[in-house]
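Letters are used for the chains, namely A, B and C, taken in the order the chains are written, and counting of residues starts over at 1 for each.
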Amino acid sequence: MKKIRIGIVALLAAFVMALSLAACSSQSSEPAEEDTSTPAATTEESTEAAATNLTILYEEDDSLINTYSLLAVNPDAPFVDADGNEVADVAINSEGAAAFIDWMLSDEGLELIADYGMADFGESLFTVNDDAPHYDGDIPQATDETKAIRLSTTTSVNDSGLLDYLLPYFEDEYGYEVEVYSAGTGKAIANAESGNADAILVHSKSQEEEFVTAGFAYTLPGFDSERLSFMHNYFVLCGPADDPAGVADAATALDAFAQIADGKYPFVSRGDASGTHTKEISLWPEDLGITTEADSVADYTDWYTYSNAGMGACLAMANETNAYILSDKATFLTFEANGGIVE
Amino acid sequence: MLTAFEEAIALLVSGDEMLTNIVLVTLRMSIASSLIALAIGMPLGTALAMGRSKIVSALVIVNRTLMGVPPVVCGLLCYLMFCGVGPLRWLQLLYTVEGMVVAQVLLITPIVAGNMESYVRGLVDDVRETARGIGLSRVRTALLLLGECRYQVFTVYLIAFGRAIAEVGAVSMVGGAIAYKTNVMTTAIMMYTNRGDFTLGIALGIILLLMFLTLNVAVSIVQRNVAR
Amino acid sequence: MRIEKAVKRYGTKTALNVEGIEFPRGQICAVMGVNGCGKTTLARVLAGTTRPDEGGMILDAGETVGYMPQRSYAFYGTLAHNVALGAKGRRFDERCQELVEALGLSHLERESAKKLSGGETARMALARVLAGTWTHLVLDEPTAALDIPSTLAAERLMRDYCTEKNAGIVVVTHSVSQARRLADHAIFMDGGRIVEEGPAAAILSHPQTPELSEFLAILGS
């Protein structure tokens, strides 16, 4: 009898917990569903998009181009430990990294990249550069030693779903296993500098160049640069649909950012030394003196939020606070399609 | 109304490969780390409760301090040890389930030991006096003492498992949340939330709760049968 | 078993300060006194579970001490399992069977020891210590939780143990009547010291000290 009673209490507790969780979720999904019938539902992407407050206001400007590069980690790089002492015997899977990069830049890889997004979003999320490096040699099959490839990449690549889509083709054909570690570009690069990655896929030219200059990357056979810039998409400037700063009508992206700063309209910054963050820094009027350091925005805290969070968290924050935000387009579209942005 | 709940059930029933993997990795990590922590922490806590010297009292204080170590600090420490340029890089534990287990064991063992210590302390005098009175050896006395903790062991285990399965700070640093390898429920919830997929995050949360609930019910039943 | 000198202090309080006591084999000695007089400390020193600050208990070659603490503790397992812990080879042998029967616990043999009442637990603990083979026994208030028939049964078992095994038994007790029935020798303690000692019948009938007279008077009234 006693056992039965305990079981009932436990089940009740579970039911209450499940209900409370479900109640939380309904807050986020319910309004979206109701709004499907409103005339505002003009896009065909998703029903949630109709309820979206945060929208793309400015895009496709040349200064908003977002270029991704692949770099192979140099096994003889000047690795140092936390105390700054040299470390010689860092284990790097160079063969695996080379095979992965070769495949990404082969006909098969580039075609798959160009195609990604058509099925889900009706447009490609990434565009292959016209001058993308190209590989047409052989790619070796994986061996036990070269099988595990550690790829350090940015959240924007990972969250876009590109790798989930691409990797099975590569892994099934050649027997490798790509272990994807994702963080902001700054952290993703630091991760490689700590010897935890064999290749990196990032999107911050200045940080990539520093990485190369410091000797952490090397030129793979068949290529003529350490930095293999191969695809791009565009950053998009998003904000509340009513656009109080009027950025949608700005002549250039730089003008748009200047208008936000002039009017002190709320802006959410990643603040995490990611590729998106470094791009954003380059778009503010120079006299504001905004850099990746938190100190540089100390005077602007009334409108500028230095959040130190991932893209998704920042998008949610911007949506909640009716703020402007710079995002890569792929993450914005997936975030929006997943129902992450709600009124 | 119950979208998330329905989605959670649908996901579970569909046997989604990614989700199955996340659940399995979570279980593997939580069970391994909680059992190892129990195996180390129980004798340790019993020893701490039985000792009477000043050194033991100092160790008890050290242990209680370790009980409060923030998981991210433990995670950072393990990261620095195991990372490609760290002193323990030859173990190759970074971004592996084994590495996560090490970090978890470091976190949970003091909690197990502390719980056992305070419980055993309430028993040790009576047990020791009684055992001594009928001429039992030290070893047998210690074994009897451990046996007397059988009810508490389950409670302590649930605490350990609960910590292991719910922890996110240390496992995300040491595990790296790598898909199909080290992504566990908590890190997956973070990841899905960051992608704006709150529903899937909540679905995972429900599964996490249900898993822990099942374990709780099972353990309670065993506990009642063992403690007679 | 004897004590030449034993002093035990807790902080500034002297709980025990005794010298020159002997507990010969074949004799039952009752230790009496008000609460906090040092009876239990003396029992613990004799049992070896408390280490005195000065001096200590001395055992001659071949002497062994069994001890039943004031608080009877039941281990997990059945009553039989608990009693067997005290027996040779930890087996529930014939001797255990006899003791359990004599103490009226037979029907509880297969019961979980943790679920026994206070009196049952105390009887089980007595059976457990009597199941062993000792030259000396130290029993701290073994019958405090027992009713009269059980108390008498327990006393019979103690007396039998004393005679059959030629064992020296020390019984800490609050009961003057029990001391009269059971003990050959009696010790009266107060403030950690032995105030009066001698043949039980003699000192309990004709106390020589005011402390013991007062103690007996209060209990008598």
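As a convention for this text, contacts are C-beta pairs under 8 Å (C-beta built on N, C-alpha and C of every residue); 3 or more make two chains touch, one makes a residue touch a chain.
These numbers were taken from a predicted model, which means no experiment stands behind them.
Student: When you take the mean of every protein CA atom shown, which chain's own CA mean is nearest to it?
Tutor: Closest to the centre of all protein C-alpha atoms: chain B.
Student: If we define chain centres by averaging CA atoms, which chain lands farthest from chain B? Would you check?
Tutor: C
Student: Name the two chains that are joined by the greatest number of C-beta pairs in contact.
Tutor: Ranked by contacting C-beta pairs, first place goes to A-B.
Student: Can you compute the centre-to-centre distance for chain A and chain C, using the mean CA position of each chain? Integer Å is fine.
Tutor: 78
Student: Measure off the straight-line distance from the CA centroid of chain A to the CA centroid of chain B, and report it in whole Å.
Tutor: A distance of 33 Å separates the two centres.
Student: What's the distance between the Cα centroids of chain B and chain C, rounded to whole Å?
Tutor: Roughly 46 Å, centre to centre.
Student: Enumerate the residues of chain C that touch no fewer than two other chains.
Tutor: none
Student: Mind pulling the residue numbers of chain B that touch at least two other chains?
Tutor: none
Student: Could you pull out which chain A residues touch chain B in their complex?
Tutor: Contact set of chain A toward chain B: 2-3, 6-7, 10, 13-14, 17-19, 21-22, 24-26, 28-30, 79-82, 87, 89-92, 150, 155, 159, 164, 179-182, 194-197, 310-313, 315-316, 331, 334-336, 338-341.
Student: What residues of chain B sit close enough to touch chain A in their complex?
Tutor: Listed in rising order, the residues of chain B that touch chain A are 1-5, 80, 83-87, 89, 92, 94-95, 176-179, 181, 191, 193-200, 202, 205-206, 209-210, 213, 216-217, 220-221, 224.
Student: Report the residues of chain C in contact with chain B in the complex, numbered from low to high.
Tutor: Touch residues, chain C against chain B: 44, 47-49, 64, 66-69, 71-73, 75-76, 85-86, 112, 114, 125, 128-129, 132, 138.
Student: Contact residues on chain B for chain C in the complex?
Tutor: The contact residues of chain B facing chain C are 126-130, 132-136, 144, 147-148, 150, 227-228.
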